[in-house]
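You will see two complexes here that share chain A, one where it goes with chain B and one where it goes with chain C.
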Partner chain A sequence: MLVKEFKVDNFEIKVSEQTDEVKIQWLGRSEARNPAEILNPYLDNIANQLRGKNILIDYTKLEFMNSSTVPPIIKFIKSCSVNGMITNVHYNKNLEWQSASFMPLKTVCIILKNVIVTGI
Partner chain B sequence: METIEKKTTADWARWFKKGEISPHFQPIISVQNKSVYGYEVLGRIEMQDGEMHTLGDFFHAKVHLRNKQENPNFITYQQTVDNQILRKALQFFKNNSEPNSKLFINLSPIRLWNFHKFIESNDDLPPIFKEVHELSIDPERIIIEITEEYIQNNLELLKPLIAIYKGFGFMFAIDDLGSRASNLDRIAIFRPDIIKVDMDFLRKSLSDRSYKEILYSLSQLGENLGISLLFEGVETVEELNQAMSFGSRYIQGFLFDKALNHFPEREKYKENMNFYIKSFYIKKHSGIEQKLLQEEGIEKIIKNIASNIQFDGSDILSYIEIFSIDSNFFRLYVTDLHGNQLSPNYIRKKGEGIYIEKYLTNNNWSWRPYFTNYLYQSKKLNQSWVISNPYRDLKEDYIVKTISLTLNKDLILFIDVFFNAEY
Partner chain C sequence: MINRIQIEITPVWSLIPEVKEKIRNIMSGMNSNKIDFTMIVVSELLENAIKYGEMNTRIANISIIFELDQQMVLMSIKNGIGEYQNLDSFLNTMSKIKTTVNKKSLYLERLQEIMRDPSLPGSKLGLYRIVSESEFDLDFHIDEYGLEMLATKKFWEI
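Entry: the complex of A and B
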């Protein structure tokens, strides 16, 4: 697989191919002031390279993200949806900050095709 | 009909039955390209006799606070009317607006809060988001104006929801910043693209310097945070000039148009704007020329001070001669390059003569903005003197400016000057 991993300071995105889907796992803390600057090109690349595959975006192990991280996530999920990729998004519903961030995302993702956001 | 203060929900409902509500659109002009940037949606009702009324009184009515039995009826009724206007406005916008123009839609933070509160059981889209999606309007054309209502809840909790709106392309504006409820923390929470400033604030700035200083700070804040200022309620060319002086990127007000039942053409105001901008430039240009003349005057004064200064390491021996140069000088002192005060304060009070405050020796002034400004300008521009922006002196409660003058490479003379001095 051509997709490289992403690591900046204490923040990491690992990509691994499972039997029936590609898992994109977010780890650590996304605290950059303008994360879109570095995340958008990386995630655009993933969305292009994984076209046609099913993906699981796993936030359950993410320790923290600031609100500026949300727009790049939405941009990525929208691209996956437009590319016809079946996209599962998992978050940890027992973590208060994750529920606060992903519940609104879950609500609005009903307008996107093939995207399912689930609290695990 | 009851007076507005006494109206019940039923009174309002009867009133609405006598007319038809419709959205109106007030154009917002971009100073940058002199054309219409967008339109703010404002509710109107046309009565059977053809008379048109605004819905401001209805939306600001607090029926539910006066009579608890009316709650939540009145709020629900307000939201129903609001939704009718919103849907009609969006439909009209979709069918009739020029591409790339924006629509400003008011949204109470209370509605956002109510959505957030029930988000776990809610399977509906957030307010405005839902209507924009259903009509397939590009969210990037929508600017949500957060209204100034006071809300007791912790708005910080809305940040994730705001981030979702932004992620889908919606922009935010803070309405009427500076009013009672729109506290500055709304800037941090909503990270708005635009701050709307009411002209009342600017009008107050003409008679009260505090308002003026707040506007300068707001202008600076906008610059630093990448937020554009929009002055609303602009009625005269003079007010437009003032708004532009504070860096207003967008203008809204009767100077251009009232709220209309259609979208005026984007270039409708261009000719007027060309004229206004030209007169603004001429005014600014003459201001700069006046400033240059004033600076020439200061140069002469500085030379006079430099030839009169006598400092023995702890006392300004020639303070009387320095005070005699300009009657607006009211305080002198000397510091080293680290801001440590070496001399006493020499203070002139009108009608009381000059007195010396010796106890201030060894105070440090490096934390004052004028000191940093002096260090920066004297190093970068190699200037031997610098004059500060006006500020309010904490001790004397006057508006003052400070002249900082390099005495030699180790010493700085500070002269506090009344603001009304001609420089």
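Entry: the complex of A and C
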């Protein structure tokens, strides 16, 4: 079963089905000591449940993330690619911290099939 | 005028937002992008101090000094270290940071390692993130009891 909401303290993920894609929106501040412990099982489930669908991973409303949040993000995007999902990743290019964080991510995602990382 | 704050906290994760809020208040009125990058540095250094620091007979808490003046921002975060604590990984990371001109390449290399195997434990990105994304200079002082991390940035660069 696809769990559409994930919330821990000031951090939230919302999943909403649009007409042609499923939007996975990250909101608030990801600052847990071990985000992988809580995020990986949730995101693994999403990557499996949405296999074959088009998805938009939207980070534009993310206010902060610690560096421990980066491996779960990479793991999730890689799983989506491996599962054949057309994956669009959006970040907010007007927020300098987001550009600084997501442009390197865009570089390492170049090797993944079906993944496009865009600053909007 | 120098804006300065000195805080001592017990090494507890839930106190990090409180320290960040105090520093954010000192920076109030500054460009929000500058504040965001500074918050990243505060957060990464405090997280490391709590994760890897060890209490000892002389240092039981984490000391934080934050200074902001017209010319630069400076952060000092000091934590205790254990008598037999292995610091090889930390020293190796700092050596790379000090000897590599293109700091962003260090961050990218680590991201590529994670991409190859995302299940590897620990991100090991924090210090690289400070010098790469936030573009702060990083230095450290170490003795048998404690580790002090120093992060600085010239005001006109941020």
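Methods note: the second predicted complex is superposed on the first by the 119 of 120 C-alpha atoms of A that agree within 3 Å, B and C clash if a C-alpha of one lies under 4 Å from a C-alpha of the other, contacts with A are read in each partner's own complex, and residues count from 1 in each chain.
Simple rule for what comes next: contacts are C-beta pairs under 8 Å (C-beta built on N, C-alpha and C of every residue); 3 or more make two chains touch, one makes a residue touch a chain.
Treat the numbers as computed from the prediction; the structure is a model and nothing was measured.
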Using the superposition on chain A, tell me whether chain B and chain C clash or fit.
clash
Answer with first, second, both or neither: which of chain B and chain C does A:R33 touch in the superposed model?
second
Please determine whether it is chain B or chain C that touches the greater number of chain A residues.
C
Looking at the overlay, what does A:K75 touch: chain B (first), chain C (second), both, or neither?
both
Could you tell me if A:I110 is touching chain B, chain C, both of them or neither one (first, second, both, neither)?
first
Answer with first, second, both or neither: which of chain B and chain C does A:E96 touch in the superposed model?
second
Thinking of the overlay built on chain A, is A:I120 touched by chain B (first), by chain C (second), by both, or by neither?
neither
Kindly classify A:S67 by the partners it touches after superposition: chain B alone (first), chain C alone (second), both, or neither?
both
What is the shared patch of chain A, the residues that chain B and chain C both contact?
67-68, 70-71, 74-75, 100-101, 104-105, 107-108, 111
Contact residues on chain A for chain B in the complex?
67-68, 70-71, 73-75, 100-101, 103-105, 107-108, 110-111
Where on chain B does chain A make contact in their complex?
116, 119-120, 122-126, 129, 133, 157, 159-164, 166-168
Which of the residues in chain A end up touching chain C in this complex?
31, 33, 64, 66-68, 70-72, 74-75, 78, 95-97, 100-101, 104-105, 107-109, 111
Sites on chain C touched by chain A in the complex
13, 16-17, 33, 36-37, 39-40, 43-44, 47, 50-51, 104, 107-108, 111-112, 114-115, 118-120, 122-123, 125-126, 129, 132-134
